[in-house]
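One chain, chain A, links the two complexes that follow: it is found with chain B in the first and with chain C in the second.
Then we have the complex of A and B:
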């Protein structure tokens, strides 16, 4: 009982924290987006979720950064409003590298908001190279780190970072439920010979047919979470990748994995004798589970993927989470998993009542 | 014992020659249908179509494994020999059959659509590995599907998702043999394939006792 309450509590927590906790400030774009070396440029920096007016303008520092050793510092910082800054940059006459143009990152350091960054914010063009000294006198240091409960700001995904708590846990739950389903199929086969079946304790509610019902119920719940994972993933892909379905290897393999369980349900129902259907379905469930694991964890590693970690490691990288996100992400996994098991249990009980009512038990 | 059973499978096939002739004809027809549908075949397309032909030919070749003999006679076999040995004999026989079929498909396909294979030893190894993987998965699924009435449909829907990891690894490996992609560490994929085969064949032996009894 306690774990059902816990699951509801954790899911409510995930929903509230996952949707309401603000993102850290970020930089969405700068204007102008290109400049030439040797010119004085007044740059407008547009922030997101930022509160620039909460600190005096002279305490806000800005840089245009090329790499760890090369940056130029802005002066004459003016705060136009909470989300707009203006700063003047004297772009050196030479570029830090022997190329025709460089892309610079925009960095804003604010006493309250902390540091925010926009990669490749502005392009500076130039055709000659000489000394790079003007780039090296502006070390970026003593940055402010915003210490509050907020999720990281990431370009490209922006607010959709919250989907981490709804998309990723679905795959954990799916795997847990399919493992449980395979386990009950193993139990069914273990007790399927008459000698073993006699050891089942009917007073404790153990019965052979229940193992089959449980295997099916857990597979159904797993299928539901697989669909939810696909849908949340397609929503996310729509914003982050530009298309809901892009034939990414993980999308394809998940669809195939769900086909396994649809086939399992059809096999289970295609025999006249329920016992025979239950036995062969249990066999298929275990056999199919053995190919589910390479399908979801080995094959995607052999192909290019749009998922974080991309080629070689489609798993969720540890660098994709910060500590604030972990405080929601791990409870989300536990909450959704318990909820999934609860759902499967309800489905199992409903099926048992249904079977008893129709005289199949 | 195993050899006797294997010999029985081969003998059976040669006595009912229409079945194997049917499958060979199936491969030829498919190659020509595919060729008629796509006159100029690029190497990428060649690779995918080739494996599709092999996949469908394999399913059709294996599906009859457990239905060509009557249920009563099979029960008699299970009393005479260890059921696991019987299954192993069928898996080995089907591996050989599928290897012959895929070589045949490769031969005809090369004649009509050209042969883009650059690394022939690797490709031959892939055909062998493919026949093994297909044979293990399909033979076992055929034993399950044979118990149901609509076994042809069941065979397809049960085996397609299960064969997917093997099929995708094969397509990737053969793309390497066709020099469509560069990958010097393809040995890892071969080991993956062997590992999947090993897991499936182990499970097959653990689970078969629950399948053959009625």
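Then we have the complex of A and C:
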């Protein structure tokens, strides 16, 4: 019983912390978005969730950065409001490398808000090309770090980074439930052997038919969470990637995996003798699980994917999940998993009562 | 009861699917993209909630059926 209460507690914690903790400040865009070398540009920087007025303007520093060694510093910083800054940049007559134009990152360092960055914020074009010392005069240093409890700011996804606590745990629950389902299928086949069946301890509630019922119930709950993961992923994708279904390798492989599990239920119900159906379904379930791991965890890493952590990395890199996110993400996984097991158990207990009432047990 | 529940549930789903896109597309405002796409998170939470409610309702319906069955003569049970 305690773990059911724990699951509710953790999910409520996830809902509250996951939705109410603010994001770190970020930069959404700058204006103008292009300039020519040798120009004096007054750049407007637009912040997200920022509080620029909370510090004197002369303590706010801004840079346009080319790489770690090349950047120019803005002067005359003016704070227009909490989310708008103006800074003047004297763009050098020459570019830091031998190309016709460069994309520069905008960096704001604020004593309270910490550092925020917009990659490729402004394009600077140039006619003559050479390397210049002006780019190295003002190195970026002594940056402030915002230390309060807040989630990272990411361009394009913004607040929807919080879906990490709702969409991603669905897949963890699916995995745990399918592992449990495969485990009970193995148990079922193991104890199908009459010699082994004699060792089942009825006083502990062990019975062959229960293994089959549990395998089915856990697979069914796993499928529910898989469908939820797929649907929530499509909603998120619509607003983060531009389309609900973009044939991303992970989307495709997940759909295949869910169809494989759907077939498990059809197979299980398509026999007149329940025992024969149970045995074949158990064998199929083990194969389904064996195909689930490559489909969800191996194949998606071998191809380019829109998901983070594709092409060889673990599903989450250190950039995708910081320590404040971990404090919500891990409880979310535990909470949703326990909840998934709870649902599966209810389904199993219903099936057992039904079978007993109808004389099948 | 069974018929009642299913109807209520699908009425809610139908209402949401028909009315939400119309409501969200009022004028030039994009409710899902403004305020940092926070409404996408709300949408995801609502979808998860509805999915779980759907599963629980299905189980509820099965239990109701079983309850009725247990009241009747067991021998009449056919599945």
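List of remarks:
Assume the second predicted complex is superposed on the first by the 356 of 361 C-alpha atoms of A that agree within 3 Å, B and C clash if a C-alpha of one lies under 4 Å from a C-alpha of the other, contacts with A are read in each partner's own complex, and residues count from 1 in each chain.
Please note the rule applied: a contact is a pair of C-beta atoms (placed from the backbone, for glycine too) under 8 Å apart; a residue touches a chain by one contact, two chains touch by 3 or more.
Keep in mind the model is a prediction, meaning the values are calculated, not measured.
Room for both chain B and chain C is found when the two structures are superposed via chain A, with no clash between them. In the superposed model, A:195 makes contact with neither chain B nor chain C. Once the two complexes are laid over each other on the shared chain, residue contacts for A:270 go to chain B alone; chain C is not touched.
Once the two complexes are overlaid on the shared chain, A:291 sits against chain B while remaining clear of chain C.
Once the two complexes are overlaid on the shared chain, A:20 sits clear of chain B and of chain C alike. Once the two complexes are overlaid on the shared chain, A:235 sits against chain C while remaining clear of chain B. Residue contacts after overlaying the shared chain place A:346 against chain C, while chain B stays out of touching range.
When the two complexes are overlaid on their common chain A, residue A:98 makes contact with neither chain B nor chain C. Rounded to the nearest 10, the angle at the Cα centre of chain A between chain B and chain C in the chain-A superposition is 80°.
Using the contact criterion defined above for the overlaid structures, shared-chain residue A:166 touches chain C, although it does not reach chain B. Between chain B and chain C, the minimal CA-CA distance in the chain A superposition rounds to 19 Å.
Across the interface of their complex, chain A is touched by residues 32-33, 35-38, 40-41, 43-45, 47-48, 51-52, 55-56, 59, 62-63, 66, 69-70, 74, 77, 79 of chain C.
Against chain B, the residues of chain A that register as touching in their complex are 189, 192, 253, 256-257, 259-260, 262-263, 266-267, 270-271, 276, 279-280, 282-284, 286-288, 290-291, 294-295, 298-299, 302-303.
Of all the residues in chain A, the ones that touch chain C in their complex are 15, 18-19, 23, 48-49, 157-160, 162-163, 166-167, 170, 221, 224, 227-228, 231-232, 235-236, 239-240, 343, 346-347, 350, 353-354, 357-359. Within the complex formed with chain A, the residues of chain B that make contact are 137, 140-141, 144, 147-150, 154, 157-158, 160-166, 168-169, 172, 189, 192, 196, 199-200, 203-204, 207, 210-211, 214.
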